[in-house]
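Both complexes shown next keep chain A, but they swap its partner, so chain B is in the first and chain C is in the second.
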Partner chain A sequence: MMKSNHTLNVMLTVYVILIFMFIFAPIIFSMIFSFNSQRFPTIPLGHFSTEWYQKILADPDVWDAARNSLIVSSCTAAVATFLGFCTAYSDYRYNFRFKGPYLALILLPPTIPLIIMALAMLAWFSKIGMSGQIYSIIIAHSVLTAPFAMAVIRLRLSQMDPDLEAAAWNLGGSEWATMRHVIIPFCKPAIFSGLFLTAAVSFDEFAVSWFVSGLNKTLPVMILEIVQGNIDPQVNAIGTFVFFISMTLVVLAQIFFASRQMKSF
Partner chain B sequence: MPISTGRSTKIYALTWRLPIIIWQFFFFVGPVLFMVAMSFFLVKNYRMTEAFEFINWYKMLTRGYFWDSYKYTILISMVSTVCAMGLAFPAAFALAFSASETTRRWAIFLLIIPFFTSYLVRTFSWFVILSEGGVVNAVLGHIGLGPYTMLNTHFGTLVGYMTLTLPLVLILQTVTMSNIDKTLIEAARNLGCKPLATIWQVIIPLSKTGLIIAGIFCFILSFGDFVAPFYLGGSQETTLPILILDTTKSGQQWPRAAVVAIMMMATLFAIAFTGIAIAYRKRKGA
Partner chain C sequence: MSDALVIFDKVQKKFGKFVAVKELSFEIYEGEFLAIMGPSGCGKTTTLRMLAGLEAPSFGEIHLKGKVMNDVPPHERDTPLVWQSLALFPFLSTRENVEFGLKMRGVGKAERKERALKWLDKVGILDFADREISTLSGGQKQRVALARSLVMEPQILLLDEPLSALDAHLVIRMQAVLTNLQRELGITFVYVTHSQSEAFAMADRVVIMDEGEIAQIGKPKDIYREPANQFVAEFVGRNNILSGTVASFERSTALISTSSGSFTVPTNSVQLTKGQNTSFVISADLVHISLEKPASINAVYCKLISEEFVGSMVTLFLEGAEGSRI
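So, the complex of A and B:
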């Protein structure tokens, strides 16, 4: 290799590292700030302190918000993954008229800016008398996250031997029995993956939750409201906590996603 | 695959097909259509009454502040897209062509992490880092520079947009470019094509579709985000999402907010469709 090529590679590597530093700086600093004694963190940093964590743990509003967030994300995961599974299977198994619009119906919502979805959901829920409840957030989040579950499960189904289903029918299994004993077991890792993925997306969403939640604040909505007031390092503590929950969910999703490659049918 | 016959087979098929149709009609198509209808409603004494009047459209579209905000939002989203695409490209290039398979996998895995961290918390973190007495100015102060005002400026807004868009753009660019057949690049080099010319004449045309998709996503994300311009840009310039927020939350003028939302959606669809048409257009002679 030529020398100039070598210099270029070093420069590119440094550049990649800089870009990653930019992307991860806010995440890492947020964690550092959450353990820092200063109310307004700067260099040099203050001493190590768990003050902000103690504060949030002592705050009943935080506990309420955390409970709401857990309810919302787990229910959303169940509904969205169910819808995603049904749609993925329909897409895999059948050809029918208007299949394009049918798929657009599930795939479109994430491409619409959240602030617009938030306004539309708020207005609609008020109209039909369903606004300001925990289930309003669950319903809205299911619409937003179902495509993620569908994508993961559809990917899994495309790895299935198409003859497998037919073989089960030939052996006398009804369609329902085949679904129960062949297709669902085959999709199981993807279903779990979908559950964790949709839960993670729901757990972080703030715009739609903020509009439709009324008084039932979730953790991200609470962060939004604290941030509007003033500089409050509690946000970093809550944020770090939320980060670890989300990451656990994502890692679980990854584990199931990867395990299906190994356990071939 | 057997041909669907009989009643039970039909019921079976519909069991899987119908849930999403019903659900999305109630909770996706319903809300969007209702929002369109709502843009014709009237607001009297802070209460919305159903009507079919063009007053909201007229009130919004004849106001200078709406168009100022519209132009600014388009402009800043374009700047954001150019910045994200430009900043990501060298990194994606390096990851796609000089990094090993393992490094690339790890890089993409790392880039997925930001999607699952609260964007709000990351923005708040920037707020503290970039402030007058924050980390960046403290470091710059040690070498005798600054302090610089970075918050409540266009720069602040752009930092926020980059936080939101850069990971996605970088993933899409990397995946697109790593799918290019490497032998085509070697062929170009062997035929005497200079490195920069190879990028312009071989790599970019071959990854056109993926690059345009990345650009569209970046534009949509920036265009619809209210957090960056609100917290880091200090609402110095009102973007359309902030306009929706203000009109809905403080003004109680839902119908007017709906007008803004519909204008935003129309703009995004126009841009997305144009972009996709260009992305999938066959090259002449190809």
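So, the complex of A and C:
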């Protein structure tokens, strides 16, 4: 019995390692090649070099794209988390007719194929004369990511004692004061988690950005354009950079997510 | 004790078609400890929530200090409530929880702290002022909840089954804390509970509710000695409830024949007619059991079936004539 358990454990461990290898191998290869002196991704490797990093750091286009990405993802995070909080709270607080369809509609965007979403966004934005601007990407990304923020915040609200809000009113807090001093502090970990999560999704997002960005390229869009032109290890360098930013954001989101679960009782 | 602080005037509450409270009229006097008691679903918590402004009455008026309160939002009333779930703010420390109401009322930081500490001391948990709520025990949380409401120094304090989550020995201790505080402060306490022992141990007056209506209001002793009807008698845990018809009556007594025999019962100014169906209670402490047939009236011959032993009391199950059980 013990022995079969042991074999099972070994097999499971190997299985998990394989899965992680499968997921991370491409990224790791990309990282390795970003430090490779040779132009083409071949083995054997050349010598260690930071040439490609120096190149992208000297390229004003890359800086522009990075700046765009940063603006887009931080604005998107703020807008999407605000929208997510509002919908989550309206779901928590109120009961109304058609609440089921209301929630379904809000949760819909991530289920729509990105390319269709992107095309629709482009068509709509150009019709109302808002395409090709940096705020077009922010709007499109907010629509896309708000459901993530809402899901996280809604989960947090569901852990709240339903009497808590009424208790604050009972102690003399108006509805706004209660929102400020009770609901938002209670949801704070989820709000931060939502901010980082939506920022990460927006920072990575390619399809919608590519369609609606016009000349305001974000980093993922830029990567594609370089790849389309020629083979250039700069892509690996930019990719590594994007990967670390996204991972940092996701890890931060997870930290807040975990801290609130420990604190809730 | 004579001024009515709160008046419920024909108050009704409906949730859709369900009537939670039907035509409730009663008064709460200044400085009294009033318990509202009844089985779950009798409308007692709804009554309390209406007083706090968390539910609006469908009909009727609630007066507080002579003012109609129907349209006053909860945060403008001074009716702090101690919640069954406690509803403490988990992201605040003990002291910050107690300060919350004062903060909402715009009291300055230094005064807030001073008053919060004073009340934490009064309820005996000053040492825990800077602790996180989640690190406190059930009894300590209970005290925080109490201090959080009392720090507002209200004229009336509402309590919604505050002790229901505590262990039996803690309940007794908290009962003493509550009654002492109430006497010391002279604040009106309105205490909702389903526990007969809590209500009778602490309250000056008890309102017993059944299906949204008042079944009886009175002092605990009076309710115990003279339950208004069979529901009250059963609810307050009285045994020896006998039903029968009125065979004859005199000025102050009636002869009631039951399936267990005939009894002469004081009527206590209850209007009776001959042949009427009625029921009455024989207080357990007034029952004598003997093997010889006594000469006095109100004696029945019984067979002992079983006994149940609870602490200092023994409940005997007896079978009378014709198989009726007592």
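Quick note on the criterion: the second predicted complex is superposed on the first by the 247 of 265 C-alpha atoms of A that agree within 3 Å, B and C clash if a C-alpha of one lies under 4 Å from a C-alpha of the other, contacts with A are read in each partner's own complex, and residues count from 1 in each chain.
As a working rule, a residue touches a chain if its C-beta (ideal position, glycine included) is under 8 Å from a C-beta of that chain, and two chains touch if they have at least 3 such contacts.
All figures in this text were calculated on a predicted structure; none of them were measured in a lab.
In this overlay on chain A, chain B fits alongside chain C without clashing. In the superposition on chain A, contact of A:Asp161 is made with chain C only, not with chain B.
For chain A, the partner with contacts to more residues, out of chain B and chain C, is B.
In the superposition on chain A, contact of A:Trp169 is made with both chain B and chain C.
Once chain A of one complex is fitted onto chain A of the other, the partner contacts of A:Tyr15 are limited to chain B, with no touch recorded for chain C. In the superposition on chain A, A:His181 contacts chain C only, with no contact to chain B.
Vertex at the C-alpha centre of chain A, arms toward the centres of chain B and chain C: the angle is 100 degrees, rounded to a multiple of 10.
Using the contact criterion defined above for the overlaid structures, shared-chain residue A:Ala123 touches chain B, although it does not reach chain C. When both complexes are overlaid on chain A, the residue A:Asn230 reaches neither chain B nor chain C.
Think of it this way: put the two complexes on top of each other by chain A, and the tightest Cα contact between chain B and chain C is 5 Å. Shared contact residues on chain A (touching chain B in one structure, chain C in the other): 166, 169, 174-175.
Only residues 1-2, 4, 8-9, 12-13, 15-17, 19-21, 23-24, 27-32, 34-35, 38, 87-88, 90-91, 93-95, 98-99, 107, 110-114, 116-129, 131, 133-135, 138-139, 162-163, 166-167, 170, 220, 223-226, 231, 241, 244-245, 248, 254, 257-258, 261, 264-265, 268, 272 of chain B touch chain A when the two sit together in their complex. Of all residues in chain A, only 161, 163-164, 166-175, 177-178, 181-182, 185-186, 188, 263-265 touch chain C in the complex they form.
Residues of chain A that touch chain B in their complex: 9, 12-13, 15-16, 19-20, 22-27, 29-30, 33, 40-43, 82-83, 86-87, 89-90, 93-94, 96, 102, 105-106, 108-109, 111-117, 119-125, 127, 139-140, 142-143, 146, 162, 166, 169, 174-176, 200-201, 204, 206-207, 211, 220, 223-224, 227, 231, 235-236, 238-239, 242-243, 246-247, 249-250. Residues of chain C touching chain A in their complex: 52-54, 73-76, 78-81, 83-85, 87, 89-92, 100-101, 103-105, 134, 148-149, 152.
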